[in-house]
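Read through the structure below, which is laid out as structure tokens, and then see the notes.
When the chains are written out, they are named A, B, C, D and E in that same order, and each has its own residue count from 1.
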Amino acid sequence: MLHTAIDNDERAVASSPIMELRGIKMHYPVAKPMPFAPKKVVKALDGVDLKVLGSQTLGIIGESGCGKSTLARVLSGLEKPTEGKVLFDGVDINELRGAERAAMRRNIQLIFQDPYASLDPRMTVEQILSEPFEIHPDLVPKGGRKAKIAELMELVGLNPDHLGRYPHNFSGGQQQRIGIARGIALNPKVLICDEAVSALDVSVRAQVVNLLQDLQRELGLSFVFIAHDLQIVRHISDAVATMYLGRVVEQGSYAQVYDHSSHPYTQALLSAAPELRQGSNTARELIMLQGDPPSPIDPPAGCRFHTRCPIAQPSCSASEPDLEETAQGHQVRCFFPGPLAGRLN
Amino acid sequence: MLGYTLRRILQMIPVLLGATFIIYALTFLMPGDPIAALTGERPLPEATVAQIRQAYHLDDPFFVQYGNYILGVFRGDFGIDFFGRPVLDLILERLPVTFALAVTAWGLKLVIGLVIGVYGGLRAGKAADHFALVFTVLFMGIPGFVIALGGQTYFGVHLGWVDPAGIRAGWPMAFILPALVMALEAAAGLARLTRTSLVDVLRAEYLRTAKAKGLSPQRIIWGHALRNAMIPVVTYLGLSLAGMLGGAVIIEAIFNLPGIGGLMVASINNKEGTVVVGIATLLVLVYLVFNLLVDLTYGLIDPRVRI
Amino acid sequence: MTQLLEVRDLRVQFSTAQGTATAINGVNLSLEHGQSLGILGESGSGKSVTARTIMGLLDMPPAKINGGEILLEGEDLLTATAKRRRQLTGPVMSMVFQDALSALNPVHPVGRQIGELYRVHRGYSRKAAKAAAIEMMDRVRIPAAASRVNDYPHQFSGGMRQRIVIAMALALDPQLLIADEPTTALDVTVQAQILELLKEQQAENNMGLILITHDISVVREVTDQVAVMYAGRIVEQGPTAHVLGDPRHPYTLGLSQSVANEDLKGRRLPAIEGSPPDLLALPRGCSFANRCPLADEQCSSSAPPLESVGAGRTSACFHSGKVASNVAYSN
Amino acid sequence: ATGCSSSGGQAGASSGNGDASLSFMTTEPKSITPQKDPGSQIGMALCANLMEVNSQTQKLEPLAAKSVESKDAKVWDIELQDGWTFHDGTPVTAKSFADAWNATATGSNAWQGNGTFVAFEGYDKMNPLDGSKATADKLSGVKVVDDTHLQVTLTAPNADFPKILSTNPTCPMPESAFKDLDAYEQAPVSNGPYKFISWDHNQQVVLEKWDGFKGGDGFTGGAKTLVGKIYTAVDAAYTDMTAGNLDMIRNVPATMVDKAKSQLGDESLYEVKTASKQQTLQIPEYVKELKSPALRKAISLSIDRDAISKSLLKGYSTPSDSLVPPSLASYVAGSCEDCVFDPEKAKKILADDGGFDGTLIIESNSASDQQLVQAIAKQIQDNLGIKVQLKPTLGTELSERRNNQKLDGAVFGLWGWSYMSPDQYLSQYETGGDGNAATGYSNKEVDKLLKAARGELDEAKATKLYSQAESIIMKDMPAIPLFIPTDFGLQSKCAQLNDVQGDLQYYRAGYGC
Amino acid sequence: MSTTITTISTSDGADAVDRAPSPMRGAHRRWWLRPRFAISGTIVLLMILMAAFPQIFTGFGPGPTENCDILLTNQPPSAAHIFGIDIQGCDYYTNIIYGARASILVGIVVSAIAFGIAAVVGAIAGYFGGWIDALISRICDMAFGLPFILAAIVVLQLFGQRNIWTVIFALALFSWPGGVRFMRSSVLEVRNREYVQAAKLLGASNGRIIKKHIVPNAITPLLVLQTLGVGGMISAEAGLTFIGIGLTPPAVSWGLQLAAARDYIDAAPHLLIFPAIFLTVTVLGFVLFGEALRDEFDPKGK
């Protein structure tokens, strides 16, 4: 049985980055209208630098389509970025080959949004959970696998007697637990959760979030946590990055980003969440963003947010601001950072 | 749309080349010597045979023959048959008949298949649905020539409604009966597809929206369900027309329609390689064009498909 | 004055391969003109089925309405003729669906889909219907509506599509609008826009609104009244602020507690353990008993009725008095 | 029957304004130039040959020729009729024939009539057997003496030469034809009783009686218009006839006869009087296992021809007991002693011969007579107790295998004559003769007898020589005679079919409405 | 102050309920009681039995070509010969029973081959995409575009002796492209499923992913298609034989019987009627069986 209370300050101790993204660009080609027409691309990620610190949680927030899932795929090594480096322990994972790559594979795992879709419906839980060990036979000797699988089941709070069942025999929350068990089977260092709790009911969501936090404490995992539920991201994260149109526009500790956000987009985003407005210690007023995010095929010139920014100045469309440090560990990509209150017309 | 079409046309070239190559190679491999068979029981003198071979380039190595053939095709020259008639003429003479037959059959199949399919789909799971299934599959199961001969005797000879054989009556009278037979045989697949697709669509959320708008059932079915149900059906429809062009051999023979089918069988029997390949080339071309048309139509009825 | 909507003891069952599932097990609801009611509950609790039953959109079979009344401005919908129902759906009551992409017919331009309402219910000409559709699209703030009226659903973003669905629902200025999870698929910024739009339209037209969701903060934000559903039943109902601030049913309490908040940072979240009962075999007693911290013998032997627990409030719990002080969910 | 064309036919059955019209079944002609497709009924109607069989007298008579004569059967003098013209009015001259013959004998033209001229002097130069290039482009044996006289020299005496002149490959062609053969192909001009009107590909060919024809009765038919309706299969034609859309069908399969009797009435059936065809099982000499004459005889004895003829063939075939059909003068009844059914004797002969433990392969054309071949095979297998395997192949392939001597076993086949002469049958067993490739049978004695018979102008003597040859061949039994099929035609009420020496020709049918 | 009653989040199977049961499981229950399944299944079973052990049905009587009497040719049905006598004078009932073998064998083997090829090739095309997919798709186009009859005739011409295996070969050669397309599109659907990505993340090789995840999950529609196709192939064999390019005697098959019967439609209609009935019922059986299977496997089914 796991401990119930987690010391907040204990985790806040800064550790060295276990993963790092450097200048990541992920461009997807768009189908050409004519056989010899010029090439066009979707710039899903367009220059992203991020650090994932050891045993910490990095939360990522942003509107739909801003590139969060793409980031998750690039981080996990499912996709090779068009440009830039994905460093794990200082080594670019995309340069690794053969055995080294296989070994690296174990270190980064991804938990998917839809718990049911991420489990092969034709496999029993036992088959699903033994797959990692079949692929990496050296990890656990054949005889010990059964025990290891049972241990995993227990770890995520599932009854090992249910190993013979199929995914559809489980509830959504339980399915997500199976997914998590598979994710941690290989003892990864980094677990990426792309909306891993979005599909779950509130009460179940709470259970899974608790489980993730328990695991982090127990196993020293690092998390990259992507979610639409901003309150949950705040709850679980040590550091948070806000993304907009393929770029990180603000990052810092959860307190810096949530309570002292300096980028107008972050502020608008947070203000839009009713759960953050209600019963929040920081007074928030709804800042309604107009319109949809521009197309990632032709992002606006200058600051990418200027088309929807409530405090945009003509200069904003001329050039793009850099991600600049406004406080210790707090970086903002804005010419006019700071609280919006009082600056809205 | 234009770009898409262009790209598709470019893709056709290798397919066309490949298909003609296969058929060419196969006819080349076929046993039996067309020249030896030319004069029946009396073997031709060697020299004559050699001379004829030369005239038809049959003595060239296979790849040279094929190459020459393809070059000819690109110039619109499909070669000549052993009686000196241009193959293209032979085919084009008969193509309209097969075309008329296939299109008529296709149209009838469309009507029969859609009506039965929609009928079954709207009453999915009920007796009418099962009846529709058995009806269509029954026609699929009974050998086509049985239906054909029966229809020919009854409607053609007994009742005298149509000419039992030949195309003298012209379109549509000469084609109705054979086309109907083909349509009945082929309607089962369409009916099933339509039914399945319609049942799927009837479960769709947007039909619920339509109901929530207070629309009448007729309006819901005609205005919202059918067009969506047709989307998966269109592919099948287009390709089946191409298939009917090449698949009417038996029906053409029974109803004495001078179409491609008879020519096809006769030329294979006589080892008229150029004719066989010519037919294959044209039919593959027709198939590819239909395929393209289908996909373009697809774009028309389903706005989500961007072409 | 009559209530806008009154649902009395509604019961709906589904026949499935495994047996009969009781999806709605005696639901009572009432709504006045201009009022907004939130329906909360976890997945599978029967929120959508309730909405569909009211709208007459259930597929029968497999569904079967086993009893109850649905009175729309005093007129019983369950006994009305199909034609009469059609006259009411659209002009008097309408609905917004969750998944806006699948709720719109992919092969028709959005303008046509909105305009169809005017053509069918008001007999507009094609041209007039189109003009009305543009006006409606303007009303839900679709930029450059006139130029987008001929676009197809897939050409719009998720938020815009949802607005079009709302435009369709509002087109004939209905008295009652049922919105079934209108923002679940959307991200927060768009959600804020949509909720704002709904609130505004409701106020403008003095329309009754039923908002179905499992997001407590959304209910808090938008509605005056809230009903909490559990396993096909309303377990608690009353003014939103009161019900959520001071729950009288352990399930309501569990729901409101399991949401993260700033003060819980760094701590475990309280969660309701277990899962809802099997609808194929509902327990004899209180459906929530097996998950309830307060459950005792009475709870498992008989089902608690929905009883008044204060001004305008009802709760279906034998221990409604003990909830606030005595329940805490583990964390 | 002729001459009633003017008596005015009823409307309906006839075309247009009361003119008598008859329609007949044909397949889409590969060509309607007689030299290219000698079997074509259309070609026959278009062309008047030098000699022809009179349909009334059944005798071979000069037609376009005034006379065809020879003293030694080797050099033949031909005198043409005076004043004959082609349909277009140009005169028919000796050159018209010589030109046509030379063109037909030119190998590279690959006209089907080519082989007809094999007996002519100079043919070998135009079609060298060893594969070398042709050294001549004209038949040296054909000499145009003057406009109405031709002299033909053969490589060896052949008394049948006048009969050869009655076959279609010897048709004349007008000079205009050679200017544009392709155009001629589509609209041939000839000298026969009917002239070409139109060819609607795959639908019909229309011919019309030519007023300028100078041949007498017995060479023409009764209808003013002849319409060859094109069918791909005889079944369709039959159905069309039952629907009243067709007047004449020839080569009606036996399976159709009973049906026709009941549906169209007895009078619709025309039975060809002179049987000209025969079905045999030929046994190639080069198939080692089947070399023994005793085995062949045993096989022959094990086939119950009567039973098959009565049941399967419904009596529309008669068992054959000779290598030639009975209609030929050289026929000797029972010349094939072992063509009776005697399974006991068969087994005994086979046992005495040492038995047979291989498999008897029977090749046949997959498109025809499948049931008959099966029945025969079954008889052999059941009655003789040897294993029989069928090998049906397509016509072209079978021809090739037969001509190139690549058969794997016995081959079932049907043989018919082009003109009525024992030579047409027996040359199959002459070294290098017509159809000899099938069996490859070679016997010097037989060769000598046949050569002598051919050169014999005295018919009685020739007949004797042919019979003699046959009895020698029969000893080796390179072919097992099976059946003489009865040939049927179908006619509507208006058509009156007749045949000339076993050949039913549409254009000579009378018009009876 | 508060009574903490419930256990904590790692509580085990207490809440392991059978959630919304999958449609498949439900449908599978007593499937054999469904009329469509029962009827078609019985037909299919019967026909397969007939093909495998014709002796059972002929009561250990003589084989198809034994005890024949050519003199009895084409006799109509009688008490002794319930289906009458065929052209060769043999008992027609026996013949038809033995004829099942060729038809069923062709139907099943061709479908099985097409199934195998389509499964493998379709999986490869769909999974790898790119030029492999383009190549395979173009090849499929070729095979599709060639008129089936023409291609089959030409291929059948290549064989001197045509027997059941050559017919199977010719049919199989041109009957897989449809399956490939089918398989390809269902693989395309499965390929991007999250469980496949999860396997990739675990470091699974392409081979393993295809074998363990893609094929098992994408195969059902193809399986159903090919079951439906059995009936089609049986008809196709009969059709080829009918136009004289399929089986040749002494083989016994319904196609041959129908082809032979054509000449005797009036004289001996029983020759046509009986094999036609058998063929129709068999095709019907297999098609219905495929349909029933489809309904069983279709998650949207009921």
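To be clear about the criterion, a residue touches a chain if its C-beta (ideal position, glycine included) is under 8 Å from a C-beta of that chain, and two chains touch if they have at least 3 such contacts.
Small disclaimer: the values here were computed from a predicted structure and weren't measured.
Ranked by separation of Cα centres from subunit C, the top chain is D.
Interface comparison, D-E versus B-D: the higher number of contacting C-beta pairs is recorded for B-D.
Separation between the centroids of subunit B and subunit E, computed from CA atoms only, is 23 Å.
Subunit B and subunit C have Cα centroids lying 53 Å from one another.
With centres set at the average Cα position, the gap from subunit C to subunit D is 91 Å. Averaging Cα coordinates per chain places subunit C and subunit E 49 Å apart.
Within subunit C, the positions touching two or more other chains are listed as 268, 271, 273, 275, 330-331.
Each of residues 235, 367, 393-394, 397 in subunit D touches at least two other chains. Across the assembly, subunit B contributes residues 31-32, 203, 253 that each touch 2 or more other chains. On the subunit A side of its complex with subunit E, the touching residues are 1-2, 4, 76-78, 101-102, 105-106, 108-110, 112-114, 117-123, 131-132, 135-136, 154, 156-159, 161-162, 165, 168-172, 174, 179, 182, 185-186, 207, 210-211, 214.
By the touch criterion stated above, subunit E contacts subunit A in their complex at residues 8-13, 15-22, 25, 193-195, 197-205, 208, 212-213, 216-217.
Of all residues in subunit B, those touching subunit E in their complex are 11, 14-15, 18-19, 22-23, 26-27, 29-32, 125, 130, 133-134, 137-138, 140-146, 149, 188, 192, 200, 203, 239, 242-243, 245-247, 249-250, 253, 261, 264-265, 268, 276, 279-280, 283-285, 287-288, 291. Across the interface of their complex, subunit E is touched by residues 235, 253, 255-256, 258-259, 262-263, 304, 307-308, 310-312, 366-367, 370-371, 374-375, 377-379, 389-394, 397 of subunit D. Put simply, subunit E touches subunit D in their complex at residues 65, 68, 70-73, 87-89, 157, 160-161, 244, 248-250, 260, 262-264, 266-267.
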